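When the chains are written out, they are named A, B, C and D in that same order, and each has its own residue count from 1.
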Amino acid sequence: MAWFRKSGRKQLETSDSDLWTICPSCSAHIYKQEWEAGLKVCPKCNHHARISSTERRDLLIDSGTWREYAAHVTTSDPLLFSDAKGPYKEKAAAAKTKTGLKESVLTGDGKIGGIPVSMAIMDFRFLGGSLSSGCGEKITLTAEHAGRHRWPFIILSASGGARMHEGIISLMQMAKTCAAIARLNDLGVPYLSVLTDPTTGGVSASYAMLGDINIAEPHALIGFAGRRVIEQTIKQKLPDDFQTAEYLLEHGFIDHIVNRKDMKEFLHRVLQYGKRR
Amino acid sequence: MALDFEKPLEEIESRIGELKKLNEKSDVDFDTEIAALEKKLRSTSKRVYSKIGPWETVQIARHPERPLLRDYIQGLCTEFLELHGDRCFGDDQGIIGGFATLRQHRVMIIGHQKGKTVEENIKANFGMASPDGYRKAMRLMNLAAKYKLPIVSFIDTPGAYPGLEAEARGQAEAIARNLTDMSTLPVPVIVIVTGEGGSGGAIGIGVGNVVLMLSNSVYSVISPEGCATILWRDGSKAPEAAAALKITADDLVALGIVDEIIPEPVGGAHRNMDATIESVGDVLVKHLRRLKKMSAKRLIDQRYDKYSKIGRYKKK
Amino acid sequence: MAWFRKSGRKQLETSDSDLWTICPSCSAHIYKQEWEAGLKVCPKCNHHARISSTERRDLLIDSGTWREYAAHVTTSDPLLFSDAKGPYKEKAAAAKTKTGLKESVLTGDGKIGGIPVSMAIMDFRFLGGSLSSGCGEKITLTAEHAGRHRWPFIILSASGGARMHEGIISLMQMAKTCAAIARLNDLGVPYLSVLTDPTTGGVSASYAMLGDINIAEPHALIGFAGRRVIEQTIKQKLPDDFQTAEYLLEHGFIDHIVNRKDMKEFLHRVLQYGKRR
Amino acid sequence: MALDFEKPLEEIESRIGELKKLNEKSDVDFDTEIAALEKKLRSTSKRVYSKIGPWETVQIARHPERPLLRDYIQGLCTEFLELHGDRCFGDDQGIIGGFATLRQHRVMIIGHQKGKTVEENIKANFGMASPDGYRKAMRLMNLAAKYKLPIVSFIDTPGAYPGLEAEARGQAEAIARNLTDMSTLPVPVIVIVTGEGGSGGAIGIGVGNVVLMLSNSVYSVISPEGCATILWRDGSKAPEAAAALKITADDLVALGIVDEIIPEPVGGAHRNMDATIESVGDVLVKHLRRLKKMSAKRLIDQRYDKYSKIGRYKKK
């Protein structure tokens, strides 16, 4: 599979040797080859490490069927924003260079086990997967595209929340994308949400939580407010499993926790039930 | 209560007050001095308020004496029939709502509730709503849809409540659900930001056909303090963050988010509550009249277009 | 007002003198005249005593505007039911004789401050206000009648639950009445529910809980399962205010608690907002 | 586990078992005796089960070895994809549900879950669902409506859970909401009572286009024990109450509540689980085929008519 060859470069940065990868969760030393073959899931503790949007696409979409959509959309700088570290424009440019992406989400369509779908895959590497005008626009355009073709729509989320460098424009993307999801509901077009580590802030409080089925990867951090903010507010320590996928399942917000290696098959199974009748 | 940048005004005001007292008690006449000071107050006011920046606006937007939802209701509505409960868990006081008759118009009012006293603020969680609050709001909006009543949503919140219970009961889900369901409401939805428009907690009841803002209110993706802490690594840089985030009414009109600004009296809404409330009433009625003529389908389509245009990417 | 003259007969049974009524809640001695003038609400503790369906009608409906509807419907005995005390048929006949009613609900239409409404008023005197085939039928017919005329529909509940003497038929009335309410919702016809003491069991779990607005009288007992059953199940004492109107308000199920003397005005105010536009 | 009235059968069965063991161990041949006993077993079975009354049926309906929802799913479905959560508070285990492929038919299955072990029973609260369970069920039914999937609802509950928390979170509201929303579902809804149909807890997921019952299941407005306690003032009169309440499948067909009875093997479903499950499958498929041909409007109207006819008053 293409995807783990591509990601080799990233591993060099996070591993302390060329042979081993250290699990960020349990610190187990895993042979790099095993780590890659295992889709960056720790064989000891089932920690699902973050992976890129192209890796996810290659894991889920039938080989040779992907067509990117709304690929022209890239970052905007509606506020002409600048912070202590300099202009947002430069930060965005650096992110593009580093990741080879134009925005925090990859959008397109392809097939899953032969079933055509539209898909939006967020990429945490690109400015923390933040929801920006470009990201919201890509998701909305792709949802509308899915609606026109009556293709099921799947979003894989991985995001720290709204991109504050785009201020109110990024906040409004929550409303914009949710309105697009509402239209899919009215059309009876399936919409599935896959929540991966992390899915927080404005992304958790918009499209990520609204799937016909909400699916999460194991142990993924999912929540609205930040852990530290909550602890400061309520002046209590939070339980360890707070805001994990498992916690959300228990509290009624997630339908299923699915291992990365089983995700394609699981989506395919669900899609059978949403087929047009 | 005077804000920091209002100190010069406060000094003049207190001297006027002293002279007025003297005037009453003593035989000496201070009328000339008072008149001079009042003139000075006017010019200083003009100078002070004409050059306030975004951070000063934040202070005014959060001013403890600023009119709150219940002031608007009391000032504008001949009737307010509060409705309670989310039919599921509770009756959050961070968001309230009910039937109201706003200058002859029967509407559903919902909005964040802040308090003026400590007691009120604790009850309303300082205007930070819980999932039950968002769900109650949506229940009332759905009821408005059944009864074909326009909805007026008053936004004034630091943000959705960040608590253990709120997360456990689905703060994220509740806001997401509202964003979705508000987008297809078949009745007019007027949103008005009267104080703080705090992030997801604000937009959670903020999807409208028209979005209005008081001239000294703010609306932001994150609080200036929060932004400064993250991007400047220094919470005291909040003024810089406030400026960078473009959170004032003027900024938001320029960005195409806000449709109309409702001007406040010099010095802010709290310096002349009655006048502020009257202005709000006039603008609300103007939009109510306009939107009530639109069909359900047009209202839904117009609302969809409004949001889908925000951040529309134009090829460069 | 006619209604408190009519109810004089009943007071003789419950009061221990001709002059005084003893409040069933705080045991205060109230002059009978004051008690009646106060609509059988205790001036000391605001206890709202149970009153009859005709008393409620006279309190709410504009004088001279009431027309009974579905008045022909009376009790049935689909199971030919008999218990230790004898046949249900005889029990039902006795209830009819004692109350002068034909079923546990009074249905009809009239005006509230000039606004036409359809109304169903349950009467606890008739076999504990139990939901029977006749009661469900009257409510359903009246709801359908309201739908045809686009008149707001109001149910005042007072019931111990389903009438077990009619077995499964009475259980099915929950589904039957709720389906009728669903049709009113689809038509955009307002439906208001007034919950009075007591509203429990199958009535609480059907139409009584489903008002566009749920209104309760103060201190009314409202709940699904019986207090004793719950205490046996969970092996705990229940809080004193458990299943009161006030408790339900706090837990999000009631919009407003309204004193009896203010009920007509309150309903009239709400009805203004549900007027056809 | 043998029920009281099954004791004569149990005796014969144990003697057959002993003889069979002897047959293996010793040289003496007991085949003739065994054959005779087996004949006797058949005739005694016929006699015993032909005259069982409603109270005995209650015992069979509650039999701990009776097939449960998960047995039907395992026996009938090539796939079951369980879905979780009410999107509001929790994931009750008293009612479960999910996508299922039932003999080639894609459907949404929901139903009460009882347990076979103590552990399972505690998790599922002995099949007594909480408001979260009813709300989860409704969420899944609404999803089925979106996906145009028929719904099959399996009923087997002593009743809705009577607990403090359940009341506080709106047991009554949750059931009422389901009764209302199920009445307008635009997809086929098949209800099957497989064991105990306990009052509001049963009807809370029981509004269907067609209602089926296993021959030894019961469906009642109140448990016989509860009825006896109230009307006989003596819980031990449950058998009398069971008879008076008319709760068997035959009674319910006669009363026009149940559309079809699915026969169980002699002695009850637990004596031949596979055969029972096969019969259930056959009948479900028959109705699925029929109902899938109906339009959404016809389904809704037919369901409305079905319930509005129940208790329709005819002038005498």
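We adopt the following convention: a contact is a pair of C-beta atoms (placed from the backbone, for glycine too) under 8 Å apart; a residue touches a chain by one contact, two chains touch by 3 or more.
Not measured: the values here are computed from a predicted model.
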- Note on the structure: Moving step by step through touching chains, the smallest count that connects chain A to chain C is 2
- Going by the stated contact rule, which chains contact chain A and chain D alike? B
- Query: Between chain C and chain D, what is the gap in Å from one C-alpha centre to the other?
  - Reply: 33
- Message: Quick check: how many Å separate the C-alpha centres of chain B and chain C?
- Response: 42
- CA centroids of chain B and chain D: separation to the nearest Å works out as 55
- Residue numbers in chain C touching 2 or more other chains? 185, 251-253
- In chain B, residues with contacts to at least two other chains: 87-89, 169-170, 173, 177
- Full enumeration of touching chain pairs: A-B, A-D, B-C, B-D, C-D
- In their shared complex, at which residues does chain D touch chain B? 87-89, 135, 169-170, 173, 177
- Item | Residue numbers on chain B that touch chain A, as the complex places them | 160-164, 166-173, 175-177, 179-184, 199-200, 203-204, 206-207, 219-222, 227, 230-234, 237, 240-241, 244-247, 252, 255, 257, 303-304, 307-308, 310-313, 315
- Over in the complex, which chain D residues touch chain A? Could you list them? 79, 81-91, 99, 101, 106, 132, 136, 143, 146-149
- Item | Interface residues, chain C side, partner chain D - complex | 72-74, 76, 78-79, 81-85, 132-134, 136-137, 140, 162, 164-176, 178-183, 185-186, 201-202, 204-210, 222-226, 229-230, 233-234, 236, 238, 242-243, 247, 251-253
- Note on the structure: chain D partner, complex, touching residues on chain A are 185, 188, 190, 212-214, 249-256, 269-270, 272-274, 277
